[in-house]
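Here you go, one structure.
Note that the chains take the letters A, B, C, D, E, F, G, H, I and J in the order they are written out, and that residue 1 is the start of every chain.
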Amino acid sequence: MSRLAVTEKIITAKVTRGLKWSDVAAKVGLSKEWVTAACLGQMTLNEEQAGVVAEVFGLTAEEKQWLMVVPYKGSLPTSVPTDPLIYRFYELVSVYGTTFKELIHEEFGDGIMSAIDFKMDLQREADPKGDRVSITMSGKFLPYKTY
Amino acid sequence: MSRLAVTEKIITAKVTRGLKWSDVAAKVGLSKEWVTAACLGQMTLNEEQAGVVAEVFGLTAEEKQWLMVVPYKGSLPTSVPTDPLIYRFYELVSVYGTTFKELIHEEFGDGIMSAIDFKMDLQREADPKGDRVSITMSGKFLPYKTY
Amino acid sequence: MSRLAVTEKIITAKVTRGLKWSDVAAKVGLSKEWVTAACLGQMTLNEEQAGVVAEVFGLTAEEKQWLMVVPYKGSLPTSVPTDPLIYRFYELVSVYGTTFKELIHEEFGDGIMSAIDFKMDLQREADPKGDRVSITMSGKFLPYKTY
Amino acid sequence: MSRLAVTEKIITAKVTRGLKWSDVAAKVGLSKEWVTAACLGQMTLNEEQAGVVAEVFGLTAEEKQWLMVVPYKGSLPTSVPTDPLIYRFYELVSVYGTTFKELIHEEFGDGIMSAIDFKMDLQREADPKGDRVSITMSGKFLPYKTY
Amino acid sequence: MSRLAVTEKIITAKVTRGLKWSDVAAKVGLSKEWVTAACLGQMTLNEEQAGVVAEVFGLTAEEKQWLMVVPYKGSLPTSVPTDPLIYRFYELVSVYGTTFKELIHEEFGDGIMSAIDFKMDLQREADPKGDRVSITMSGKFLPYKTY
Amino acid sequence: MSRLAVTEKIITAKVTRGLKWSDVAAKVGLSKEWVTAACLGQMTLNEEQAGVVAEVFGLTAEEKQWLMVVPYKGSLPTSVPTDPLIYRFYELVSVYGTTFKELIHEEFGDGIMSAIDFKMDLQREADPKGDRVSITMSGKFLPYKTY
Amino acid sequence: MSRLAVTEKIITAKVTRGLKWSDVAAKVGLSKEWVTAACLGQMTLNEEQAGVVAEVFGLTAEEKQWLMVVPYKGSLPTSVPTDPLIYRFYELVSVYGTTFKELIHEEFGDGIMSAIDFKMDLQREADPKGDRVSITMSGKFLPYKTY
Amino acid sequence: MSRLAVTEKIITAKVTRGLKWSDVAAKVGLSKEWVTAACLGQMTLNEEQAGVVAEVFGLTAEEKQWLMVVPYKGSLPTSVPTDPLIYRFYELVSVYGTTFKELIHEEFGDGIMSAIDFKMDLQREADPKGDRVSITMSGKFLPYKTY
Amino acid sequence: MSRLAVTEKIITAKVTRGLKWSDVAAKVGLSKEWVTAACLGQMTLNEEQAGVVAEVFGLTAEEKQWLMVVPYKGSLPTSVPTDPLIYRFYELVSVYGTTFKELIHEEFGDGIMSAIDFKMDLQREADPKGDRVSITMSGKFLPYKTY
Amino acid sequence: MSRLAVTEKIITAKVTRGLKWSDVAAKVGLSKEWVTAACLGQMTLNEEQAGVVAEVFGLTAEEKQWLMVVPYKGSLPTSVPTDPLIYRFYELVSVYGTTFKELIHEEFGDGIMSAIDFKMDLQREADPKGDRVSITMSGKFLPYKTY
């Protein structure tokens, strides 16, 4: 799986060159959320986007090519994540999963919130008792239909 | 585990009485997100809150008592959820997990977004191309410290 | 989980009354695929549909009520199914999974075939060398978008 | 496992040469579904087919040899797939598994739809509300017999 | 799952009445292998066969009805069996699995031995060094075909 | 684990030299079932047998040495096999496991069929409706004893 | 599974009657190891042994019948045991597993120590630094043979 | 994990030099059970012991150093072992686990048999019906205490 | 498993009677840590302790009897706990596991900290920035010995 | 994952140079617990700390860079640890998990002990009956709040 090799090269380049994801995103001209996911091997870049990323991280022409191939998605090594930051998101699904289900069905009926037609925005929320992480997610509601 | 029995009684009462979570929440005087989670056995109610919930769902005194005991949390029967609506949230963790990690660390340094000092708000977002589910999450950032 | 109890009552009624899914579907006025899935606890019926199903299987008013509640989906007891008929479908995903991925991406780009905006039709296909099962699936293509 | 190495070389060649599976299939003279699965290490090619594939992807004589050996099948790294496109197919088995079972048994009696004597066809289905993926599967029905 | 309840009743009846599977099979007029599997909830009986089994084990009319419904197959509680007798068969698959694969492909090409169009015969094989269990399995070879 | 390396070298040599397991077995002077299992790293060869195998596949003296070491057995990468041919054997254990148990205990009492003092023979069985795979297994019955 | 019910009744009777396994074994006239395993649902008793056990624990005639049926073996609820005493034995297998393998093969060649033709003896070993548990296991060596 | 590399070098050296564990143990001056476990990466050697082992297997100074570091223990690649010899020990834990528990508690009260303050001895036991493997285990009993 | 039933009765009695673990412990005359674990089915009480607990929770004579039987230990329903409070302890093992190992071995050599000869004390630690949970664990070091 | 490579280099350097974690910690000027965890790839070092560690273990400038990147945490290869020392901690969570939960909730109400705002201290506790490992953990209590 060569896309994985490209992802690892990007991560190494980021560490050694001291880059920031938000700066890379600004150069690509898209949100930091989408660009980071793409650089981490979860999204597909078009020619122009791939060109910018390749230049930023010093990728070869073949490596750039891989950025334009749809990757095999899923960024975690285990089904229950061990990393504490990522686990907290898993815990939210575990604790609030049935709450998400009840409230979305109450408002929209049977269906799901799309994880494909989806975008999100992650911000620092200043708070005197300690700053907070604020994440806004927006996914299209897709109804089940009878047929 | 009697709390589970109370949760099942609440769900049955909701179905047969045709109640809505948002109405229950209004009576309790708190957000629909927290109240639904509490009714589904994930949060702990105080005396007053438990009294309202017990009345709404027709619970006995002993059942009301259980609402005030801290429950064993985790609302899902399998570690990878099978329900499509809930799975989409798991998929977001799987696809965007490393992105969450990178962006939060870039902004805040090493630490996590708390899933305890946490609140969220789920809304319908009108959209001509199909309404969307909008979820805003806010969790305190907790830094790792050296010692 | 009371919906499960209703599902089991439907299955028992089907066995003892000698009913056929296609006849039930004809009475509901929808496809046999959707109606069977609904009776097996995977889809949500509206008032009218639930009324027909309740009559066919002799359900009580409360049981009918449950048919109109969105169920917790997922119809199988293990993540790798043990039943030979169902396993063959799992095997198709295992063997052809990457082929589905390659061909859909080649034709449509990055995205998925929806399992929500989805319908299917299952037919007997006469064949002198032995009749065949023919299944036509149709799911909307949902593209990933940049943001 | 050398067949795996050949598969990876094919995928890399496809990316760097900018090939399309449908073109490869046309050269082999078979369906794109079967040819893609074969190139991805799930089917066995005969001498002539292997010759075409070897030329298209620039394989050595030994690598071509491997294409003619029956592979160890199963194309996915985890038993529940993490890739969203492939997961949707798993979800269909999870949600509709018991429906497949009921309807096939109702029509054919006890037995299975073969995943070996099987073929499929994947097409774009134009739709004003958004194009759809259409997949037609055809598998021989194999009855259990008494003995 | 009522078929399970019928299976348990059959097993209990067998214990308390002191019946033998080979005698039951003789009454049904089929092999002991198929009849035992059917009584253990893995095969489907026709009206006449079900009648005999119902009489032998003292089943009610409704229980007899369940024998004629295709069961959800798979007779073991865990994916790796804990019972020593059954584990030895699992061990044979683990140790000889790749040998089965190599020899069947060498003789027949790509395909499988059917587990559906399948029969078997289990016999005592007298041996001065200790009697042996002899099992003869016969399954139709099903070839993969190109399309 | 060097025995694994030797196994892989044998498989590669078989592919590139176009050898057949039955021919190798004939040279060793034993059954094709045992010899194939041994070459696939599941059995232990004596000096003479290892010499023949080493010559056939072009192994070095050290590689030949490894053939004479008892291997860590178990030939499959996952506990539920993904390869369709091998899965069918797992399915037989899953569906017929309790039948094996009942019939062997009925005939022999409490104990097991040995998977060690065991031999088998795999043959093509000509059949006008399609040739069949015939496997005869013979394992010593080992009784549990009281003490 | 009625044998399970009998096992639970035996355990309850033991607790309420204040019995000791060694006394039960003395009445049966066999080792405490075998008799305890049999009472816990892992071995099969003959008519006479079952009669003694039934009397000791106050079982009914039908319950006694179950003691004479070969049970589905495996006494633990999880594949890695959680109970500390039992886990230590699992740990011995985990830590010393390869040592057992090496030393038995060095002494006997390829084969196994039988877990069927097996007996054991568990004793208190007085020791001034703290008494010890001493377990002596004896299992027949079963060699793999060529064929 | 370099200790693993040293273990593999030891195993390879043993095969190519034709050494026996009992001879190595004699040179070290300890039991064959402890020395084999140590060479297989499960125990920690002191300077003198490491020196002997290093000489016997031809290890470098750095490799010898690793023998003196406490290893990460656990010698098996899967939680349920696939190798038949090792599996039999796992089966003993599965079948006799609750028997060990009952008898040790009956004799000693609540506590465990230590797997740390533990030693064992493995011997061939001559038997006209076939030689046996005899293993004597001795572990200190550690009582749970109230506090 | 009747001990489980007693545990559930104790928990229910605690909820309905509004008892506190520290008060129960005071009556028993032991630490709250040990007494709570015992009441939750993880430790074994002697006659006198069981008498106090039985009176406090209103248990019958037979239920009291069960408190004096060594329980099958392990208090959690899944191997990775879902409850957030308990998960944090699992996370400490996951993150600090290798640190525990390094530091204990550095100080004591090869061996373990006993989880049997173990006691602990849990206290509130006042802190102006938010009170803290303080847990002091003390376990005997048990060295591995050569033999 | 290059941080892993740095961790392995540190461990190797420690073995070959004969360093002690407590000495490394003294040079860094922080606790041995935090420094060891950081060196084992679980914590993030600042420029100055990384400089000391790099010098002690002889790391390159790029390797030092990696020490300052937040690592993907979780130090164990399996979800249930196989190493006996680390398993004992897992066992404590398994046996005492519900006790931790009850006592912390009794003292503090609903919430958790933080594993982030956390510190610990590991000491040798002299004891005539055998020295003990003493671990003091201190984590901030984080309450769930209503919203």
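What we mean here is this: a contact is a pair of C-beta atoms (placed from the backbone, for glycine too) under 8 Å apart; a residue touches a chain by one contact, two chains touch by 3 or more.
The structure presented is a predicted model; accordingly, all values stated were derived computationally and were not measured.
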{"item": "Shortest path length from chain B to chain I (each step joins two touching chains)", "value": "1"}
{"item": "Chain D to chain I, fewest steps along touching chains", "value": "2"}
{"item": "Magnitude of the superposing rotation for chain C and chain G (Cα, nearest 5°)", "value": "145"}
{"item": "Gap in Å, rounded to a whole number, between the CA centres of chain I and chain E", "value": "47"}
{"item": "Whole-Å separation of chain centres (CA-atom averages), chain B against chain J", "value": "31"}
{"item": "Chain H, residues touching no fewer than two other chains", "value": "33, 72-74, 76, 79-80, 82-84, 91, 94-95, 101, 105, 111-112, 114-116, 142"}
{"item": "Chains that touch, pairwise", "value": "A-B, A-C, A-D, A-I, A-J, B-C, B-D, B-I, B-J, C-D, C-E, C-F, D-E, D-F, E-F, E-G, E-H, F-G, F-H, G-H, G-I, G-J, H-I, H-J, I-J"}
{"item": "Complex interface listing, chain D residues touching chain E", "value": "30-31, 33-34, 43-44, 49, 70, 72, 101, 105, 109-112, 114, 116-117, 119, 142-147"}
{"item": "Sites on chain H touched by chain E in the complex", "value": "80, 82, 84, 87, 91, 94-95"}
{"item": "Contacting residues of chain G [partner chain I, same complex]", "value": "8, 11-12, 15-16, 78, 80-84"}
{"item": "Partner chain E, residues of chain G touching it in the complex", "value": "1-2, 62, 65-66, 69, 72-74, 76, 79, 115-116"}
{"item": "Chain H partner contacts - residues on chain G that touch it in the complex", "value": "20-22, 32-33, 36-37, 40, 42, 73-76, 79-81, 83-86, 88-108, 111-115, 118, 120, 122, 124-125, 127, 129-142"}
